[in-house]
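One chain, chain A, links the two complexes that follow: it is found with chain B in the first and with chain C in the second.
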Partner chain A sequence: MRKIWDLAENTFRETIRDRVLNVSLLFALAMLGASVLLGTLSIGQDQKIVRDLGLAAIEFFGVAIAIFIGTSLLYRELDQRTVFIVLAKPVARHSFLLGKFCGLVATLTVLLALMTLAYVVLLLALRAFELPLLWAVALLWVELLLLVGLSLMFSTFASPVLALVYTFSLYLTGNNLDGLKALARNARPLVKVLAEGAYYLLPNLGHLNIKNQVVYGAPFSLGQWGLALAYGGCYTAFVLLLAVGIFARREF
Partner chain B sequence: MDDNALVVDASDLTKIYPAQIGQPAKVGLSGLTLQVARGETFGLLGPNGAGKTTAQKLFLGLMRPTRGAVRIFGGRPEDPRVRTKIGFLPENPYFYHYLTGAEFLRFCGGLFGLPAKVLAERSANLLQLVGMTGAQRVQLRKYSKGMLQRIGIAQALINDPDLVLLDEPMSGLDPVGRRELREIILGLKRAGKTIFFNSHILSDVEDVCDRVGILLNGQLVALGSVPELLAGGQSLEDFFVKVVSAERPGADPRRGER
Partner chain C sequence: MFLRGAVLAGSFGSLLTLAAAAGLSGRLDRMHGAEGVARYPVPRREVIQAIATGFDNLLADSFWLQFLQYNGEKLTEDLATRRYEHLWEGLTLIIGLDPHFRDAYLFGSWVLGDAGDGKRAAELVASGARRHPTDPRYPFQLGFIEFLYRKDLPAAIQAFQHCASLAARRREDHNLWLSATRMAAGLSLRRNQRQTAIAIWRSLYQKSRELGDDRMAQIAERALERLGVNVMDIVKG
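The block that comes next holds the complex of A and B.
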């Protein structure tokens, strides 16, 4: 466990000291402020739009940073051959990968916390804050975990560009799986089987997206929230297991 | 040789890199059978692409052999416990450039599970040994090639290893640095450590090694103690050129090769 901790700490340091990341965070906070203020200009200064735009900005930056850093993290280790230094020491391959995962998750948690804090402060100032918004942020955090897992898994065997394309494609597909299921309903049998297979196998990120419910007050329960949390956690664990399995077979 | 005294025991160690699009399969190492005893200093020589780095990667479990096996301290190198006794310096090392020298050593020591007190003491001693005490708070991105090599040597010794694997340890060092490194290696030798290094600087190998092997196209073509190989008063360079030329007529290994 200590090795995973040390590797996570090192990855956290690596990512948090990354100048590109720091600039991105500043940009994200500026965009967050701008999108919330833009919402106040909408007709009737609808508080729902203010909440919605803020959450969308947090999601956009969180997802972008998770995928961009997640897909380059392993590549950097291989390209700069730092992986030799670490794996020549008594570090099991799975510890290495889990350390990388935990370190990046720690960085994303800090970023998400900072963005959420800025969001909450802005909403409180505009008297538009509602507690369930934080539930949506919590599920977004789980979604980021899953995306980091997917990025790492793809980068155990693919180049950073391909890993980025694969992860981003899954992000887009995963958010629109309900549409796929609806399409399958009237499709030919073979297409139906394939579409339904994809629906159940691919990560259904729609489960982790409750923005509409919390912003527009659609029906939503804590039980549903808990199930979504468990689904995201289990899927992330599955993806990490896959990543560990592939990485253990890799040669350097 | 007593098996218990064997630190490296390779038998028929072979690595064939599979064919890739546009590239045929390539022999990295072919049937390497080699034993290195405890306390021995062994130098592996050979031109570029001869298989020296491949051999060290197989000793560390970074690669799996296509055929044959290697035992390090009697165990498989894939077992992390075996690697607790190994220190390794890769060729042209790049380290985490966002860390300072001291942070990097602390990170490396942590991976061996060293207690904080031991780690602090050992880091300070090693920084002094490699002459980097003054630069310990500087980020590695600002280090020169020679400084990176020195900090690389310090990290390779952080666990007080019984076996030290050095891949081209002299590269990047100026003459003073090379002399200092030679002194460090001789100090390790006096402390009873087993040292296995790849080098293309023949005079350094000649000075510090008990035994030398020459690899060519993945095959071990010469093996013996330095006095045995240099019988007749020839230098190691002459011997190396003779062996390589005999195996590969027309090649001059002194021209830009190791």
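The block that comes next holds the complex of A and C.
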């Protein structure tokens, strides 16, 4: 546990200094500011537009950073051969991977907290803040954990570019799984089984995306929210176990 | 010395190219304007919904702003030459992405009515009312659309009565209840419909001016013009 903590701390220090992170944070804050300007162009819907655009900006930059840094994190260690120095010490491979995961998650948590703080301050100034908006941010955090897990898992066996393509494809698919369910409804038995199987086995990011609902209050229960959190946690654990399994068998 | 000269030349060059790009952009804008190129393309709803990737509300906002920008400009044009474009397609795209987008139903129905499509204006608000069965603002709007654009007095009375029954349930909707009750009672007296329409449009015009809602005021102004009322008379009181 101590080793995971040390590795996580090291990864956090390394990623928080990344220029991509600073630039993305600046862009996200600029977009939050721009949302006020766009809101004024609408008729009576300015608060809704600021809420929508703010949540979308937080998700967009959070996802971009999770995928971009997540897919290059392991590659950097392998490319600079620093992984051999670490693994030559009494550090298990799974500790190394989990340390990387926790470090990047810590960085994303700080980033998400900063963006959310700016968002909340903006909404409070506009008298447009409602607590359920934070529920959406919490689920977004879980979505980012899952994406970091997927990025790391893919980067255990693929190049950074391919890992990025795989993770991004799963992100797109995971947000559009309803189409697969609709396909299963009217398909022939074999296709139906395959489509339904894919629907339940692929990461359904739609469960973690409630930003379209929370801007209108909260037409969902706390139980539903808790289940979504648990779903994201379970899937992230599964992906990490898979990543650990692949990384343990990898030959350098 | 050489380095400083190079930096200065580079800076000057970059400023010059940026200014040139801005100038060309302005020229292209003018060319588009001169040729009357339509700038309100409405993509297919199915395609947009398929690629929304969870950003449905954001896309709806973006299409709404585009709708307002394009059709807002149209509201200021002359009545005879004004041509709205893709109103129904644009509005159904927005509510397809975000079924709770209140102003797309309410303001959208005014624009549809102003464009002479009272049937679809009523259809739009009715679909909003079906999706928000406890919200009295939808039947309230439906009442206006039925009376002012479709001239269907019984349907308008029914909509206002429905609005009043919904508004009576909530204390914060007291003003709406009062207005809907008055409207239903006033229309039930079956007085001169033209005079009633003028009174409603006049009230909407004055209210929009008070609230600084220029687009709504322009719709009311056009409607009053059609009824032969000069808005300047209202302004003068």
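Simple rule for what comes next: the second predicted complex is superposed on the first by the 245 of 252 C-alpha atoms of A that agree within 3 Å, B and C clash if a C-alpha of one lies under 4 Å from a C-alpha of the other, contacts with A are read in each partner's own complex, and residues count from 1 in each chain.
To be clear about the criterion, a contact is a pair of C-beta atoms (placed from the backbone, for glycine too) under 8 Å apart; a residue touches a chain by one contact, two chains touch by 3 or more.
Please read all numbers here as calculations on a predicted model, not as lab measurements.
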Touching partner for A:80 - first (chain B), second (chain C), both, neither: first
First (chain B), second (chain C), both or neither touched by A:175: second
Contacts of A:89 with chain B and chain C, given as first, second, both or neither: first
Contacts of A:201 with chain B and chain C, given as first, second, both or neither: neither
Which superposed partner A:13 touches (first chain B, second chain C, both, neither): first
First, second, both or neither for A:1, with chain B first and chain C second: neither
Touching partner for A:52 - first (chain B), second (chain C), both, neither: second
Complex contact set, residues of chain C against chain A: 50, 53-58, 60-61, 64-65, 68-69, 98, 100-103, 107, 213, 215-216
Chain C partner contacts - residues on chain A that touch it in the complex: 38, 41-45, 48-49, 52-53, 56, 59, 171-172, 175-176, 179, 205-206, 209, 211-212, 215-216
Chain A residues touching chain B - in the complex, by the definition given at the top: 2-3, 6-7, 9-10, 13-14, 17-18, 80-82, 84-92, 251-252
For the chain B and chain A complex, residues of the former touching the latter: 57, 60-64, 80-81, 83-84, 86, 88, 90, 93-96, 98-99, 103, 107-108, 110-113, 155, 159, 165
